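You will see two complexes here that share subunit A, one where it goes with subunit B and one where it goes with subunit C.
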Partner chain A sequence: MKRIRISRCGAQLMGAQAPRRPICPHAAQRQDVAPHHHRIQLRWASSLMAAARKPNEIEIDPAEEAAEESSIDLSEALTASSTAKPPQPPPETLPSPHPSRALKSAKLAALRSRLSLPPRFPLQTLARTLVHPSADPNPHFNNGSMSILGANLLGYYTTEHLLCNYPRLPMSVVFAAQYAYIGPKALATIASEWGIEAAAEPGGEVDPGLLQFKRARSGDEDFPSALKEVKAPWKWNVTTTHKIVSSDEFGSTKARPDPQQLTGQPVPIEEAAQSFVRALIGSLYLHLGSPLVKRFYRDHFLSRHLDLNKLFDFRTPTRDLSRLCAREGFEAPVARLISETGRLSRHPVFVVGVYSGKDKLGEGSGSSLDEARIRAAAAALKGWYLYKPLEVTVPSSLEGEVDTSKWKPNMVDCGEVIV
Partner chain B sequence: MPLSAIKTVAKAQNGVGAFILQCKRLDFHYSNWAGSSRGMNAFIRSQLPVFAKNNPQIEIRVSPRGNKHPVIIGHYINGKTKPICVRNMTPEGVREKTELLRDASGEKLKRVNKPVTSLNESVRGIWSPFHGAKIQI
Partner chain C sequence: MASKRPIRTLFSVASTSVRPSRSIARSCPETSTCAFSTSTASFGPEYETEAAERPRWQQTPVRMVAPFRIRPQPKGPAFKVNEDPRRLDEAYVKMLGPNGDKLLSEEVKWLAITHKSFDHGRRGFNDRLAFLGRRIVSLQTSLALLNSSTPSFLGTGAQQDGYGRAAFQHAALSGLAGLTTEAKDDVLSRSRLAPIAERYGLDKVTRWKPKRADNLQGSGQESVLSTSLYAIIGALALERGGEVANKVTQDKILSPLGFTFA
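Our next item is the complex of A and B:
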C-alpha cells in the first residue's frame, strides 16, 4: 500500500531541500572534521555558509516520517536517526559510490600506498579520479576536470624534458616520443601496471577502489564518435606547425575529445584507464603541489625505458645528410670504405664511413656497399639529431622560485633539415 | 616526408624509478571447525594485523570457508593468482608462506640462466673483426 509522504506535503514548512549529495567530496567529511586550512576556516566562519548548512541539519525529520513507508525504509531511517546524520539515499540509486565510502575501501588504501602517495592525499579524491564521466555525468563527482588538468601537466613535463634534453630532435620524433611516454596506450598500460581493476558496471554500491565507467561492448552501435579513429583525407594545410598548435601533443590530426562529451556514453576500458591516470596527476597537483607531482612523474613515467635511437625512420638519409652538411657549412659528405670481407662470397660485409673532410660523421655496415653507405648516413644523422647538452635546466624546475640565478638558457636549434 | 617516426610504447622498468609491489591482494580462507586450520586461525588472530600494518600496499581479505583446508591466495598485478594450501601448518609456517606470496612476482617460475638481463645495449658493443688493431699473420 502506498501512502502519501507527509514530508512532501509539509515541504514548504521545512525550508529549502538539501542537495541529495554534498556538492564536493569533502563536504561530507567537513561536518565532523575540524577545519585546518585558514582559507577553509574563513569560509566556514562566514554566516552565509552556516545558513547554507542548516537545511542539512533538519533533514532528520523527513527520514523519521518516511519510516512508515516500507520495512526497507524503516531500517534505513532507524540507522539514520540513531546516528543523527542526514539520511543517505540507498547506494543503488547513485551513479557512483558516495565519497564517504572511500574511507572504508581496502582497495583504495592499498592503491594509495602502492603508489607511495602521502597520507595527506585524501582517499575521497583518489576515489573520484576512478570515476569516468561515462559512469557519473555530474562534473562534481567524475574525473573529467581533473583529467584535463592532468593531461596538460603530463604534456608539459614530457615536452620540456624532450625539448630541453634533445634540442635537435625532429618534430615527428618528438611526437612519437610523447606518444611513447604519455600516449593513450602508454597510460592504459601504466594503469594496469598499477593494479587498477575495473568494475563490471558502475553504480553507487560498487567498491570505490574499482575503475567506474560504462563499458562499451563489442559491436556497440552507440560508440562515441569522439573516440572513433577517422583517417582524415590529406589536406595541404595540415602542416607540422598546425599539428603543434591545434591538435593534441602526439601530432594527430584532431584534438583529444573533451571528457564531458563522453558523459553517459559507453567507452572502452583503455579510455577510462587513461582518464584515471591523467586525473590522478591533476589531483596530485592540486593536493600536493608541483614538486611532488614532478617527482611522481619522474618515478613513474620518465623512468620507463625508451630508446629514442629506434624511433627514427629515414626515407633518404644520404640526401638528408648532404642537405644538412650544406646548411651547417660542413664539407659535402663522402662515403669511404673502411673494411670489407668476402666481396665475392655469399655473405659479404662492408664497413663504410661517411666523412666530411677529415671528420668521420658516421659508420655503418651492410651486406652491400649501398646498404652500408645508407646505414652510415643514418648513423650520422642520428648523431646530429640526438645531441644532448650536458647541463639542462627545465622551465618547470624554477616554478614559484624567487631566485632565478640558477636558470641557464637552453639551446634552441633551428630544426630538422627540410628536403 | 624525408623522416617519419615509429610509434612505440615505453617499457616499464619496475624499481628503476618507483617500485610497485606485484602482489595486490591476499585472500585468507580458514575454517573454524576443521583442525587443519588451527595454525592458520592462530596466525590470523595474532600475526595478521601486524603483517597488514607492515604491508599497506596489499589488500587483505579474510573469509571462513567451512569443511575445507585453509588456503592463502595471492592475486598479482599481471592477473595471475597463486594459491597455497596451509593445512596443519604452525603459525610460523603460515607466516613464511604469506611472505613468500607477498614477495612473489606472479610470473610463472622460470629458470634464469643469464646473470644479467637488460634492455640496454652493452656499453662495450659487439666485437667486430673489422675494427681495432690489424693482426699480422
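Our next item is the complex of A and C:
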C-alpha cells in the first residue's frame, strides 16, 4: 500500500493560520513558553523538575556546566534558570485565580466581546473586577478600589443626567431615580443581563470568568453587621437636606459598607454583582478613558427606561399646589368639575380640572369628587416638576473639550415647594 | 373696606417693628413664569399694584407672607443674614478668583449659598446644587487619591501576599491601592470642609437659620457650610460646564486639603 503523502494532509492545505492571540511582549518571562535553544530547553526542563522537588532552590549542576563548550551558552543557561520563577502553588490553595489564567479563560474573552470592549482592555483587569473582597482580601487582587471609583462615576453621570434633563425634580424623587438607575438591585439585574454567573465557592481553581465571592447562606447567623440596618442612635429624623451631605447618592438611611470592610465576610450575590459592575466602570475609565466610559454608560444605563412619574408620592397635593401658585405668582388654584357620569350609581366618574385663572394646570378623574380633585392637583404638580427642556448639554460633555460653542447653560431651579 | 384699612396698616407697622429684617414689599413679584399665564394676576384692593420687579432672592413671595406672626419668636438672639450683593460678590471673588462674581448668574449666585432653613425655603435653596457638587467633588477626590499614590504602592505586593502571587501590572492601575473609603472619608469630612468654607468667607454670606444664634456650631454650621461649598461647585457645573467645576474643585477645595496637581 502506498503511504499517503504528507502534502495531502488537510492541515497543510489550510494555509498558515493567524495567531489566535497577539504575541505577548512578556512571553520570554512566562513559564509556559519554552525557550527555543535546545540546550537551554534541556536545562530549563531539568531545572523545572528540580524546582518541583525543592521549591526554594534551583539546582545548577556544576558537572553539567563543565560539560558546556561555550561560555555564551553558560550565561544563557544561567539567565534562563534564574528567570525561571518557582512554579506557582497549586491553584486550590489560592483565594482567587492567578492573573495569568485570565488569558486562557473563554468566559472572560466572551464577556469582553459581548460588552463590545476593545481588545486593548486587558483580560487580567476584567478578571480582577469579578473578584469581590470577601473572596480575596488582598487589595491588589480584588475589585474594592475599582468599585469605589466606578460608584463615583456612575453617581456623577446619573446625577447630571437627571438634573439637566429634569431641572425641577424634587430631591426625594432624585434619590429614588438614582436608586432605580444605579442602585444595588439595578446593578445586580444588569450583571445578570450581561451573563455573569457566580462560582459556588471562591478559590484559585475556579474559572476566572465567574463572579467570585463568599456566599451568605440563607438562615445564616453571621450575616455581616455592616449590611444590617443601622438604627440611628439619637438622630431619629434625618432631613432630606442633611442626607445630601451625610448619606450616599441614594439618600439611604443605613450605613453603606466599605468594600474593604467585607473581606472574608459572607455577602449576598446582589452585593457582589453591584461591586462587579462598579468595578467594571472604574476599570474602563482607567484603561480606556472617559469618552468611552460615557458611551458605555449611555448604551447600558441610560438606555433603560424609567417612568419618573411613577416615583412621585404626594401626601397633600392640593396644599402643595396652592403654595406653589403663591410662590410663582399665579392665581390661586381652583378645582372645577369638567364632566361627570353616574353620580348616583355604584361607579361614578368625576373629571375635575384645576385652574389658575383661565389656565388649566391639571386634570384628574376619580370615583368621588375629592379623589378627582386630589388627582387633578397631583397631575398639576407633576406637570410642574417633570418639566424637561428640549436640548440639554450635560456638564461632562465639556470635560477635555476644546470647542465650547455647543455649550448651553442648564436651567437651575430654585427648589421644590415647601409647605 | 375703608374701616378695615387703618387696622390693617396698624398691624403691618407692628409686624415690621417686630421683624426688622423682613421687608414687606407691596408689589407683585413678576417671575418668568408669569409671562405664560393667559389671565392677568388680580390682587385684592389691600395690595398696591406696583410694576416693580424684585428678584426672587431678594424678597419672599408676597402671597406667602402672613399678615402677622402667630408663633412666638425663638429664644436667643436674632440671627442676621447678609443681604448685600457686594459682600456676596466679595466672597465669590475670594473663592473663585478675580472674576469669580461673574461666573454665575445673579439668581444662582444667591441660590447656591441659601440653605433650606432660610425663610422656610420660600426663596429657593441649594439642595440640588449641593447634590451635584458633592458627586463632582467625590469623583475628583477619588481621581486625586489615585494619582497621588506613592511609588511604594506600585510594588507587586508579592512580598505581602501570603501566596507568593505577583499582581498584574499596568500603568493605568498603579494608583489603585491608595483609593480606599477611609482615605476618602478622611479627606471629605465635614470638619475639614467647613474651615475651607470659612476661609473663603462663606460663613458670612450663607443664608440659613440656626437653631440657636449663639451656638452656631451646635446648630449644624459645619453641615450648612459644606452644603454651600458643594452647591457652588454644582452651580458652576450646571452653568459653566464640567471642566470649570473640576478645575475649581482641584484648585480651591482639594489643594487646601493637601493634594497637588500637575
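Note that the second predicted complex is superposed on the first by the 323 of 419 C-alpha atoms of A that agree within 3 Å, B and C clash if a C-alpha of one lies under 4 Å from a C-alpha of the other, contacts with A are read in each partner's own complex, and residues count from 1 in each chain.
By our rule, a residue touches a chain if its C-beta (ideal position, glycine included) is under 8 Å from a C-beta of that chain, and two chains touch if they have at least 3 such contacts.
Keep in mind it's a predicted model, so treat the numbers as computed, not measured.
S.K.: Which term applies to subunit B and subunit C once both are placed on subunit A by superposition, clash or fit?
M.R.: fit
S.K.: Should A:S247 be classified as contacting the first partner (subunit B), the second (subunit C), both, or neither?
M.R.: neither
S.K.: With both complexes overlaid on chain A, does A:W407 touch subunit B (first), subunit C (second), both or neither?
M.R.: second
S.K.: With the two complexes superposed on chain A, say which partner A:L302 touches: subunit B (first), subunit C (second), both, or neither.
M.R.: The answer is first: A:L302 touches subunit B but not subunit C.
S.K.: Hey, is it subunit B or subunit C that touches more of subunit A?
M.R.: Of subunit B and subunit C, the partner in contact with more residues of subunit A is C.
S.K.: Is A:S365 contacted by the first partner subunit B, the second partner subunit C, both or neither?
M.R.: first
S.K.: Counting only touches as set out at the top, which of subunit B and subunit C does A:H287 meet: first, second, both, neither?
M.R.: second
S.K.: One more residue to check, A:N165. First (subunit B), second (subunit C), both or neither?
M.R.: Touch status of A:N165: no partner.
S.K.: Determine the nearest approach in Å between the Cα atoms of subunit B and those of subunit C after overlaying the two structures.
M.R.: Nearest C-alpha pair, subunit B versus subunit C: 14 Å apart.
S.K.: Taking the two structures together, which residues of subunit A meet both subunit B and subunit C?
M.R.: In subunit A, positions 417 sit in both the subunit B and subunit C interfaces.
S.K.: What residues on subunit C touch subunit A, complex-wise?
M.R.: My answer: residues 28-31, 33-34, 37-42, 56, 61, 63-64, 107-108, 111, 115-116, 120-132, 134-136, 138-139, 142-143, 146, 156-157, 160-161, 163-168, 170, 172-173, 176-177, 179-182, 184, 190, 220, 223, 226-227, 230, 235, 237-246.
S.K.: What residues on subunit A touch subunit B, complex-wise?
M.R.: Interface residues on subunit A, with respect to subunit B: 106-107, 109-110, 113-116, 170, 172-173, 175-177, 179-181, 183, 185-186, 189-190, 192-195, 209, 296, 298-300, 302-306, 310-316, 319-320, 338-341, 349, 351, 365, 416-417, 419.
S.K.: Along subunit A, where are the residues that touch subunit C in the complex?
M.R.: 86, 88-89, 93-95, 98-99, 102, 122, 124-125, 128, 138-141, 144-146, 148-149, 152-153, 155-156, 159-160, 163-164, 169, 171, 174, 239-242, 244-246, 249, 258-261, 283, 286-287, 323, 326-331, 356-359, 393-401, 404, 407, 409-410, 412-415, 417-418
S.K.: Which of the residues in subunit B come into contact with subunit A in the complex?
M.R.: Residue list for subunit B touching subunit A: 1-14, 16-18, 20-21, 24-25, 56-61, 77, 119-120, 128-131.
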